[in-house]
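Both complexes below contain chain A, partnered by chain B and then by chain C.
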Partner chain A sequence: MNARGLLRALPTMLRVSFAESVAYRAEMFVWVLSTTMPLVNMVLWMAVAKSAPVGNFGQADFVGYFLATFAVRQLTSAWAAWLINWEVKQGTLAMRLLRPISPLWGYASDNVAGFPMRVVVALPVVLLSIALVGADKAVPQHAWQWALFILAVLGGWAITFLANVAIGALSLFLDSSQKMMEVWMVLFFVCSGYMYPVEFLPEGLRTVIDWLPFRYQMGLPVELMTNAHDLPTALGLLARQWAWVLGMGALAVGLWKQGVKRFAAFGG
Partner chain B sequence: MVRRYLRLLTVQLKASGLQALQYRADFFTDGFTSLCWVFTALAPLFVVYGSRPEVEGWSFGEALLVVGWFTLLQGILEGAINPSLTGVVEHIRKGTLDFVLLKPADAQFLVSTQRFLPWRAFNVLTGLGLFLYAFMLLGRGPSPLGLLTSVLLLGTSTLLLYSLWILTVSAAFFVVRVDNLTYLFTSIFDFARWPSSVFKGVAKGALTLVFTYVIPLALMTTFPAEAMLGRLPAQSLVGAVVGSAVFAWVARRVWIRSIGHYTSASS
Partner chain C sequence: MISVHGLRKHYKVHKRPPGLKAALRSLFHRTYTSVKAVDGISFDIRPGERVGFLGPNGAGKTTTLKVLSGLLHPSEGEVRVDGHVPRLREEAFLKKIMLVMGQKQQLLWDLPPAETFELNRAIYDVPTLQYKQTLDELVGLLEIGDLIGKPTRQLSLGERMKCELAAALIHRPRVLFLDEPTIGLDVSMQATMRTFIKDYNEKYGATLILTSHYMDDVAALCPRVIVIDKGLLSYDGSLEALVQRVRPEKRVVLRLSEQVDASRLEPLGKLVTHEAGTAVLQVKQDAVNATISRALSGLPVTDLTVENAPLEEVMSELFAENKARRLQAAESVTA
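And then the complex of A and B:
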């Protein structure tokens, strides 16, 4: 499939995926509601910061941080690994492979088309955050900060999605890679800044985390949203993030290409 | 009557047990993932107690007890409650609930016992491990009376969890697409990770009220932990027992009403 064909097919694919995401809006709403983890951790940290701030974080900072986490989570989530596992197991991946375009584009468009609906959900949360803690702790203040934030959200989504594809492709080698996805999720929870700002971790651990992809999935966009970094630091971190996007992309495509060769459709 | 249901329960348990034995390797994979997930519950505690010796009157060891109860109940939820009730949602959607309703035994009993996943209950072991670790940190054991009360509360917690589940599943009769209600439920249960007093500061204590009376998460994990520490007031204990009984009764009523709304799928 050449690039021109891809460009012609994508708008239609996105339209179909968008229509699907509208059709299943109730289901999506339940998914959004089940993103309670940031809120669970917010109340914990608020209780901790009640008497005195923790590091640089007072109660208001925690509210800003975790509401941002909630919003970013909506914008960067991907579920391709579960979908791929399911389709490999059911054999329905065959249907996707019949199309003259890589299934990866299909998964990506399913994911991207959910964006508008997710923005609709994330927006009120951001507004609430502004109302509660003030704009300077809730959203970027300057144009360049907005630009970097958007770039970081895109990068965060890309890493999440590509990691999903890579792990999903492993199901072609291992029958099921769902457990592996769970392990990945655990690492993501612990290392990404999803449950606590990564700056609270001890120095040694933080250096390790700086080299792992997880922080760039969640922590970096959130930090940029709450204005935690100056320009040079932000650019440095963004460079690392996009290096991970490229690395993860190569890994995902490589695994997928090798894996698909082993695919045997089960059933009729 | 009781004997008949006990016999039915044994049959159902045996079927699930045999099935679990077919997938023995799951014991290790499920055990491993369970340990991983426990780590996500512990990580924030380590970070929090790295900067504070005490949060809202709970030391690290004491908060660990709450996490232990959380983990233990999660084991019960995933091993005994979740699998059956996910099956109900499936039944309702496909219309195969007919076959259950036709059987000469109580439908709620049948659907609640249809499937157990013993390996998923690994969390129960992890929870017990956390108790041991917590009491080692605290440097003392639980009082015999405290232990007895907490075992009683284990019963009420399980009953509460089960009743909440029945209420959630009853929704499936009205909105058919609720596969992910199970996720919603599990993620609301996440609020039970911490001692309930951390909610005091939020929204002027409204959240504490919600989590004590509306969705009684505090009763499930904080109360038993306090009982183990021997500091649960007697009226809370009575409240928990009466409350969970009332909750179970309401859930039963709602189930009976909802099942009246069941319309079998076509053909």
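And then the complex of A and C:
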């Protein structure tokens, strides 16, 4: 589909996807519950820091960090890999392939459409964070910091979504890539800053993690939200993040195109 | 409109016997076999034609439709649909076609069908006025006005299938591939679907390929049939000629006012069924007139019709013939 047609179609796609995302109220509640891990981590790390700070983190810093983690997780999550796996296995991907628009736009629209609801969940948590630890540890303080934070959230979402597409596309080669997604999620939890700030890791491991995509999915947006970096450092990290966006994009689209050629609707 | 020449589609399938041992072995060493889903078929279809695509389960019908709609890449051969090569999946091509699969759905499960219609309008870039006209027409013809506002998951199978068909036609495709569109529907719903499909074909001149295990669908919709079996084309021609070739005999159906002994019916022809008040005789075509005269003069006939053998019987006889021929060929190779 050409760019103009795509721009005309996108608002309707987003509206319909949004209607789908709010179709089940109970499911939405369960989903919110499933994203509360940072709040558990917050309580644990606060207990650890009760008698003395851990590195540069005192109790208030942990509150600011993990409430920011909760908010960023809401804004950067994607689940296209599960959907692609399911549709490949059921053969329903065929129905998407019959349409004159790449299914990847459909998956992106499904993921982005839940954004307003996730903002509704994240906003009170951000306000709570401001009340508990002060605005300087909870949200960016200057326009440039907000701009970099928004860019980092977009980059974090893009890496997460494209990694989902790349792993989902592997199911077109391997029958199912769900286990791979689980491995990816484990690495994400360990390396992204979701469970603990990445600066707690040993120097050598941190260098490795700086070159992997996980930190840029979660840690970097959180660090920019909590004003952890000066401008040159933030720009350097953002450059790496967007290099990952481009790399992951090329990998996802390449795997998808090759995978679709192999597509032979299972059970169909 | 559609031309298919030497189409082959072969799959590599992982083969594994049942059991834990075989499961473990398959982790290290896998055996693959090649399945010839379609093995060199050729046909041409003119614009506006309605063609029935028939064959037993696993014959290669759905595979062929998927190749024609660009979902599968052929292993070999040349396929063109309205000048397009389907496997390239060009936008212009996808806007001209639609594949409706009775066992797969495009309707959004949690939303009313109206949302899928609207989504298709946007994706197919259908002008608003044309969309409204098409939708009004589809809603009227399929009688789905009360349904399109209910969540899809709350619709019955028949209601869903009607909405599925409407969703597929929002962009007025010029080529329609229908794979078992009436599967699971009751008799009256099947009839509604058939009438609608025929009307759509006649109104828009759309080319139509239909696969169905319900021979009534084929008889009502398709003057021409293509039969494939084990991936090979075994017949391409008119339905009438197929029946004549496989089962040239006619069926004389007699409705009788009183019980008649079988011994009085058997001299007239081969007695197919004989139930209370009705007898069905199978007779050679050139003996039909004589049989009718003898029946009218010698039996208490209240009504009489002459019919072809049921299509189901014709098809199963054709498939049996093909199977016997394949076995014979295999035996001669072994010998």
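In this section, the second predicted complex is superposed on the first by the 264 of 268 C-alpha atoms of A that agree within 3 Å, B and C clash if a C-alpha of one lies under 4 Å from a C-alpha of the other, contacts with A are read in each partner's own complex, and residues count from 1 in each chain.
Rule of thumb we're sticking to: a contact is a pair of C-beta atoms (placed from the backbone, for glycine too) under 8 Å apart; a residue touches a chain by one contact, two chains touch by 3 or more.
Note that the structure is a prediction, hence the values are computed from the model and not measured.
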So, A:182: does it touch chain B (first), chain C (second), both, or neither? first
Chain B versus chain C as contact partner of A:30, first or second or both or neither: first
With both complexes overlaid on chain A, does A:46 touch chain B (first), chain C (second), both or neither? first
Going by the contact rule set out at the top, does A:97 touch chain B (first), chain C (second), both, or neither? second
Where on chain A do chain B and chain C both make contact? 24
In the complex, chain B touches chain A at residues 29, 32-33, 36-37, 39-40, 43-44, 47-48, 50-52, 55-56, 175, 177-181, 183-184, 186-188, 190-191, 193-194, 197-202, 207
In their complex, what parts of chain A are in touch with chain B? 24, 26-27, 30-31, 33-37, 39-41, 43-48, 50, 54-55, 179, 182-183, 186, 189-190, 195-196, 200-202
Residues of chain C that touch chain A when the two form their complex: 11, 62, 66, 69-73, 89, 91, 94-95, 97-99, 101, 103-106, 108, 110-111, 115, 118-125, 151
Interface residues, chain A side, partner chain C - complex: 1-2, 5, 8-9, 11-13, 16, 19-20, 23-24, 91-92, 94-95, 97-101, 261, 263-265, 268
